Amino acid sequence: MNKTFDLLTLGELLLRLSPNNNERIARTELLQVRAGGAELNVASGVSLLGLRTGVISKVPDNDLGRNIKNRIRFCGVSDDFLVYDKDKYARMGIYYYENGAHPRKPRIVYDRCNTSMDKISIDDFDDSIYSSTRCFHTSGITLGLCEQVRETAIEMIKRFKANGTIISFDVNYRANLWRDEAEARDCITQILPYVDIFFCSEETSRLTFGKEGTVEDIMRSFAAEYPMMMIASTQRIVHSPKVHTFGSIVYDCRGDKFYQEEPYHNIEVVDRIGSGDAYISGVLYGLLARDFDYRIAMEYGNATSSVKNTIPGDMSSSDLKEIDSIISAHKTTGRVSEMDR
Amino acid sequence: MNKTFDLLTLGELLLRLSPNNNERIARTELLQVRAGGAELNVASGVSLLGLRTGVISKVPDNDLGRNIKNRIRFCGVSDDFLVYDKDKYARMGIYYYENGAHPRKPRIVYDRCNTSMDKISIDDFDDSIYSSTRCFHTSGITLGLCEQVRETAIEMIKRFKANGTIISFDVNYRANLWRDEAEARDCITQILPYVDIFFCSEETSRLTFGKEGTVEDIMRSFAAEYPMMMIASTQRIVHSPKVHTFGSIVYDCRGDKFYQEEPYHNIEVVDRIGSGDAYISGVLYGLLARDFDYRIAMEYGNATSSVKNTIPGDMSSSDLKEIDSIISAHKTTGRVSEMDR
Amino acid sequence: MNKTFDLLTLGELLLRLSPNNNERIARTELLQVRAGGAELNVASGVSLLGLRTGVISKVPDNDLGRNIKNRIRFCGVSDDFLVYDKDKYARMGIYYYENGAHPRKPRIVYDRCNTSMDKISIDDFDDSIYSSTRCFHTSGITLGLCEQVRETAIEMIKRFKANGTIISFDVNYRANLWRDEAEARDCITQILPYVDIFFCSEETSRLTFGKEGTVEDIMRSFAAEYPMMMIASTQRIVHSPKVHTFGSIVYDCRGDKFYQEEPYHNIEVVDRIGSGDAYISGVLYGLLARDFDYRIAMEYGNATSSVKNTIPGDMSSSDLKEIDSIISAHKTTGRVSEMDR
Amino acid sequence: MNKTFDLLTLGELLLRLSPNNNERIARTELLQVRAGGAELNVASGVSLLGLRTGVISKVPDNDLGRNIKNRIRFCGVSDDFLVYDKDKYARMGIYYYENGAHPRKPRIVYDRCNTSMDKISIDDFDDSIYSSTRCFHTSGITLGLCEQVRETAIEMIKRFKANGTIISFDVNYRANLWRDEAEARDCITQILPYVDIFFCSEETSRLTFGKEGTVEDIMRSFAAEYPMMMIASTQRIVHSPKVHTFGSIVYDCRGDKFYQEEPYHNIEVVDRIGSGDAYISGVLYGLLARDFDYRIAMEYGNATSSVKNTIPGDMSSSDLKEIDSIISAHKTTGRVSEMDR
Amino acid sequence: MNKTFDLLTLGELLLRLSPNNNERIARTELLQVRAGGAELNVASGVSLLGLRTGVISKVPDNDLGRNIKNRIRFCGVSDDFLVYDKDKYARMGIYYYENGAHPRKPRIVYDRCNTSMDKISIDDFDDSIYSSTRCFHTSGITLGLCEQVRETAIEMIKRFKANGTIISFDVNYRANLWRDEAEARDCITQILPYVDIFFCSEETSRLTFGKEGTVEDIMRSFAAEYPMMMIASTQRIVHSPKVHTFGSIVYDCRGDKFYQEEPYHNIEVVDRIGSGDAYISGVLYGLLARDFDYRIAMEYGNATSSVKNTIPGDMSSSDLKEIDSIISAHKTTGRVSEMDR
Amino acid sequence: MNKTFDLLTLGELLLRLSPNNNERIARTELLQVRAGGAELNVASGVSLLGLRTGVISKVPDNDLGRNIKNRIRFCGVSDDFLVYDKDKYARMGIYYYENGAHPRKPRIVYDRCNTSMDKISIDDFDDSIYSSTRCFHTSGITLGLCEQVRETAIEMIKRFKANGTIISFDVNYRANLWRDEAEARDCITQILPYVDIFFCSEETSRLTFGKEGTVEDIMRSFAAEYPMMMIASTQRIVHSPKVHTFGSIVYDCRGDKFYQEEPYHNIEVVDRIGSGDAYISGVLYGLLARDFDYRIAMEYGNATSSVKNTIPGDMSSSDLKEIDSIISAHKTTGRVSEMDR
């Protein structure tokens, strides 16, 4: 399996504009520019850990498209599969984010309608793409964007699958992208037969897919319905916008085994956005680089997500050495040095 | 009661200059400019929640006076009753504020002597002002500024009262504005017969007014002496400069009923200044917009104050929708979404 | 003529996002937030000079709409005629601006399609608006936005005119808003019969309206066709992005007289955006506050525009005292103090 | 002549607060903090060039006093003669400065009344101060502050003179500090008999002292009246706030010789404040370090002032090596390297 | 004992470059410049508390050397004993620091090889230095820099001791400066016979010096071997990068008495760097200014260190008044005001 | 000629740290981080114009190495040939840059000794590199770094040449890298026989290589000695640090033809660093993408260099569209729009 890429992801790229510190969108004079988008976050996380990744997307052929292209490259993700929209009115998706502090929650304002991504088509890409990667990942956000994107995504999943690519999928249910939960469920269940690695929160499993019982019951039920390799659910406790606990459960469908560890407690949250995507990047790295060892995948997922919470921006900034040292400190019961120097 | 304004407040406007983050006044190279002043904070809080307010004050006719005028308008407060001091040496009151972090306390340096506000006179305003508002608010800070301001304030209270305006008063005792507590008490007791809505902390009630017994005893004692409608005391616990608990007790003098709720715990304090004023703005909004429902007033007061602590600057920045959602989350025992999007 | 407002303007409000100094949109990490929009710029300029103004527009009912509402108030313009779009996908118009430096030109990226403004309707406003102002101003940008806005604008012009309001119109031709020059001309000529005060550059007069001869010939030709009071053309020479010369010519149609003065040379341009709108604000102020003295109007126009070039943001920040002192220095041949203190 | 200090200066210390770049005081959100004061500027300039200096002043014993004390030390000036005002209401003098851009002038707002400096007294200092320095410098600003400061200054001049100290004095006429020019003249002429080194602009010589004729005539006239060693006048041409020309003329009273050189043309002005003080620091350095060579003093004055214009803040930041290289480049007609590396 | 200085310290000066807030070195666009170096931190802490201090070091004769010289003066430390390295390739030691947030640790990257400090020689200083101070302090970092520095340091210790100076020494073991613990031990034990005041952590006592038993046993063991006056160990608990507990134990060797107090809990850590040095500055201040009262020394040490954690940069910024009020609040069990105003 | 890269360059990568605006290195509190290095600048300029480039260099395996790696990718240059130095004391080359303003020159402080680059070896790279690119570029800076780098560079030139790669070389004489001009000449003349495209300033030709006569004579003389294809010299006039004129002369050695155009006048210089490298990138782009058309190469060189001067940082930020529009405006004599929108 000598592919050019370890991972390609499909998703919308977004510029995120945020006030500094605790300033508010409704009155700020300054906005920080960051790149985001769930699937980009996954690709960049995997890339920083050392694998070769790229992102499949469509952006306007203007200064904002170039700004995000540069940022993608900055974090080590290939821009080979960025398609440029030359329409005069082409636009970049934007979202605005402000930090929270208890009892005030973090806050997002989206401005992502009618973007270049909404015009992405299967014809924008050469067929060689489907044999170029070991793993393909996308999410329910992509499926929810619009009809045109949905069709492109489903067709891509099928073509990648047909070329022996591992398919990873994160449900990532967002109420504001779907008419209702039924619409989301009907769409997503179409692609579940193709999915090898499945990420779905317990809450979405219950509310959207109508699953019942313990989280283990839920996972077994998915595995019974679909030929999945692995299912993972994150388990986050939000004590306040600035303090979280994070852990997860990973299910080996074929071995019928569950993997968990002591969660990360008292995470000092700086920026919560993208930590779910960082989890996926850790898991995918663990699987792809460590021969599908589910325990290791879960450990990489938990560590990568926990540490993502402590840095600003949507994307991870941890290399392998950092994640390894975090895992090691997490497992240690003895004395740990207070500083890396 | 078809008045132009719901609330007018009388008080000094101050420019607040603060170092960023945890930098110190004694060595900073940069100062953030914010507008402040207890009574402006109250007016702006009420204005953001949706009522029509204005502030009565005197500022220099120079660039600093214009800077604060712009900021007042920015937060929705009318500048119709700002009077401009054209004296060549007219000056704006300034204060410097630095954040604390345990065991270091927040710190304030005042530079508010001989300001334009000290020259404010009853003759600066047309008589029509006294029939233009449903409610008038001022505080013990205004009374403590200087003789000239004190006389103006007391005369205004009388004229507003004579026009059927509800009088709101916050004792807000500040040791550095009075010779001693006796001076403060003697002055303030002059205006208590005119006060309908009375804000006084338990500590000040004891130390300045010599009250004894429980907080309920104290409130009943004030109500016995003066024809007040309502009395409120905030109850703040300062665990550290960055963690507070906030609640309050409201007393319906005529119905002889007390209102309280579970306080807001673990407030992640970003900027504590103005949270007492925000409390008053919440209470006044509740009273004026919700037909003097004391329970609702207390809830708006607690929520508005708690959330003020989480944003930088002296003034609130919450609109009604935000406060309603905070109250609702505070009362919920079930699952609450982690983010507003 | 005892109206509430001296001037109301109709136009789209835009948030302008700009990199600092000479940084570029395509790679910036920070964006400065400013409010803009040609007709808002005109209103704010007139307001800062001392008249009562308001802006008629439609913005989303979200944090971005609130951000711009605050900024409008900040500069003294009434937000009484802002209508809020409660649609879930309502969006604010945005544009990105970067400064130039010879041989690199300033640069703008627009993202203003499908905004709340595009839905503005004559039915959004009470009829009382049409008798509330002495003067109404809009521009060709508003006419060019979309069919819905165009209809609203034309109907407003008619209704204001019917109520005896002075109609001011700036052609402000922007190629990217119109299919071609013919479309612009056909639309604009519909409203010219209603226009009293007409702003049109010499270049647009030639290219769009097919005028010929000297600039005086052109002005006389417009006056011959339409019952205008006054016509003005700015005369800017762009030596480089950082050095301009600015003057103008004003034509009194009824008196058949032309007004000009020595242009402002060597303007040290900090931010060129909005200087054309500042010109209009100076002229309208001169007319409305100085009894339609065309010479004074031209002088206020030239000074307000010249000084606008020296400050950041789309909007003027000069009060009357500043403009008067600039005019006075411009006319002086003797010694002038180097600093205002 | 083995004194501890080469130069002591007497004057008010001021904190200067300035918006960034071209932002305006009337609307800024950020202020840069700098230290200033004419006589401090002179001392720090001399100190940076390599001599030992100190400043005599009185500041509040609070965080703002400490801020400026730190800044004084930062630039190498001794704080041994700073006296601290422990009054509860002690205040620091402040001024606000904004940059200009043609046709808008730079702008200053003063807030320097009732400061700690106004209480400075001859009794605040030990008599040993009068024998500790080779040269003492003060200016007409100090004389104009208030009666108390004036008396202190005049007495100090006498005591320093009595101890054989060279007395340097800069008229530095500021209209807003004096009732009228007669008051300034009457005060200043009292101290001229003590002055050895005299700085006075041609304009002030004419307007305040009623001198006539050429600048050479004026200088000779002063020298005829008073036993001065040297008289200097700067000759600045303000082409615009961002472009100046700077030169000066120095008169050796005893040798009856004038010194001039080709002025510095096309100075790219970044911050003009303090460049007059920098001139004095260059001249004093030249005199004190180069054995009273007037030509060298003039060259150091011109270079130090010219280069001061190119850096932000009131104080010089040039060391001797930099000034020497600027003088050398100024005199060179051949090829000069474009960069210092 | 009428010496010019109360304390001189010998050590390398470092510029510290740090990203803002939680940004990362590996991707930052901005670096904050601060001065640091363990022994400078000690001197500046003592200086701010009111004693006369200086630092002995060697820096390049370039802009970076000047930058740090200015900063040293800014915090009240004498630069009389800074020696300048005029070598063309002279370099300043630099280190990069990024803040942590659990589970991510703070992080340091050193760039301090081949600096000017490495060339410091006993011949760079006049012999008068050895009789100019009451106390001399250095640390194991200085000994570990290189052979040349080590020799200079040891010779200085001997000469200071010979002049009756109190010798203070902090082991401050840093693994990356020594080949192994044996090398450190062999070097340090050479100078222990000269040490009067000895700072050594319990961990280093065990690992490097092979001590055993309780911390009291360890201290008694050092005192048995060497003629020390006082030994101190800090006791820090790192709950997370943002929450520490801090206390210490001080041993009076001659009186055989131990001093401890309730530690400071829940310190809201802003910047942990230099808090160990701040501890030493508090202890040395207590000893030198309060007649070697060990209890007071311990209290000053604990308070100065705790509060250092709450401010950015390596150096303390607390004056005596602040430390006294922190000690007083720490000891109070009753009501404490929430703010300093 | 189907190579992976169009251009590979060999050179040291440097982090550039600069104060903002006109602040000075000797006192700044903030440093902007940028990537630089002459050969990186060339590669990134060519990459932005649309060709495939990479940079050959060695950087430390730490956060600073990662910072620059990210920046390299950000501007589209491949990091495939970055080698990482895992030495514990590995260091990144740094330089500090401050802007000038007449009469103060821009200023650079280097800290680039003993960096990872100094250890680069021919053995760090696989032989496949030599057949992977159409063109190889390096400069005299690389040759001057140290013996080890020089040997590596010369050997690389030979191996690339042997594989049919076009060799481009820029003399870029820097006095501080060589013992004297003779050393530089002796070294450089070794590699001139391999050079196809040669960049050398007229001044260096005369001083270092002893050439005489007109610039045309000089070029012909080089071409007579060595088998070059093309020689280019830039012609810059530095009116002041903020105003330059830029042009160049290109010589077609085989066709014996010279190419020149009207220089760019009145360039509004924002950041001069890297504009010489930008010239080379424009020329190489013109040659490689436009079939070695020397006129076009010269035009691209002049435009790319001129516009580089107007943006901050060492590297170009212009894409092909921008450069084409600048060339087109430069050649136009008619009306040009003032802004790109």
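Here the chain labels run A, B, C, D, E and F in written order, and each chain numbers its own residues starting at 1.
Just so it is clear, a residue touches a chain if its C-beta (ideal position, glycine included) is under 8 Å from a C-beta of that chain, and two chains touch if they have at least 3 such contacts.
Just so it is clear, the structure is predicted and the values come from calculations on it, not from any experiment.
A.B. asks: Quickly list, by label, the chains bordering both chain A and chain D.
C.D. replies: Touching chain A and chain D alike, sorted by label: B, C, E, F.
A.B. asks: Chains in contact with chain A and with chain F: which ones?
C.D. replies: C, E
A.B. asks: Does D-E or C-F have the larger number of C-beta pairs in contact?
C.D. replies: C-F
A.B. asks: If you average the Cα atoms per chain, which one ends up farthest from chain E?
C.D. replies: Computed centres place C farthest from chain E.
A.B. asks: Interface check for copies chain A and chain C. Shared numbers divided by all numbers used: above half gives same, below half gives different; which is it?
C.D. replies: Same-residue interface.
A.B. asks: State, to the nearest whole Å, the distance from the C-alpha centre of chain D to the C-alpha centre of chain F.
C.D. replies: 45
A.B. asks: Which residues belonging to chain E are in contact with no fewer than two other chains?
C.D. replies: 21, 24, 26-27, 29, 66, 70, 74, 107, 109, 176
A.B. asks: Once you've mapped the touching chain pairs, tell me: line, ring, star, complete or other?
C.D. replies: Basically it's none of the tidy shapes, so other.
A.B. asks: Chain pairs that touch, all of them, please.
C.D. replies: A-B, A-C, A-E, A-F, B-C, B-D, B-E, C-D, C-F, D-E, D-F, E-F
A.B. asks: Please output the residues of chain E touching chain D within their complex, sorted ascending.
C.D. replies: 66, 70-71, 73-76, 319
A.B. asks: Please name which positions on chain F make contact with chain D in the complex.
C.D. replies: For chain F paired with chain D, touching residues are 21-24, 26-27, 100-110, 174, 176, 203, 238, 240-242, 272.
A.B. asks: So in the complex, the part of chain E that touches chain B is made up of which residues?
C.D. replies: Residues 21, 74, 264, 266-271, 303, 306-307, 309-312, 317, 322, 326, 329-330, 337-341 of chain E touch chain B in their complex.
A.B. asks: What residues of chain E sit close enough to touch chain F in their complex?
C.D. replies: 17, 24-33, 62-64, 66-67, 70, 88-89, 91-92, 94, 96, 98, 107, 109, 111, 113-114, 176
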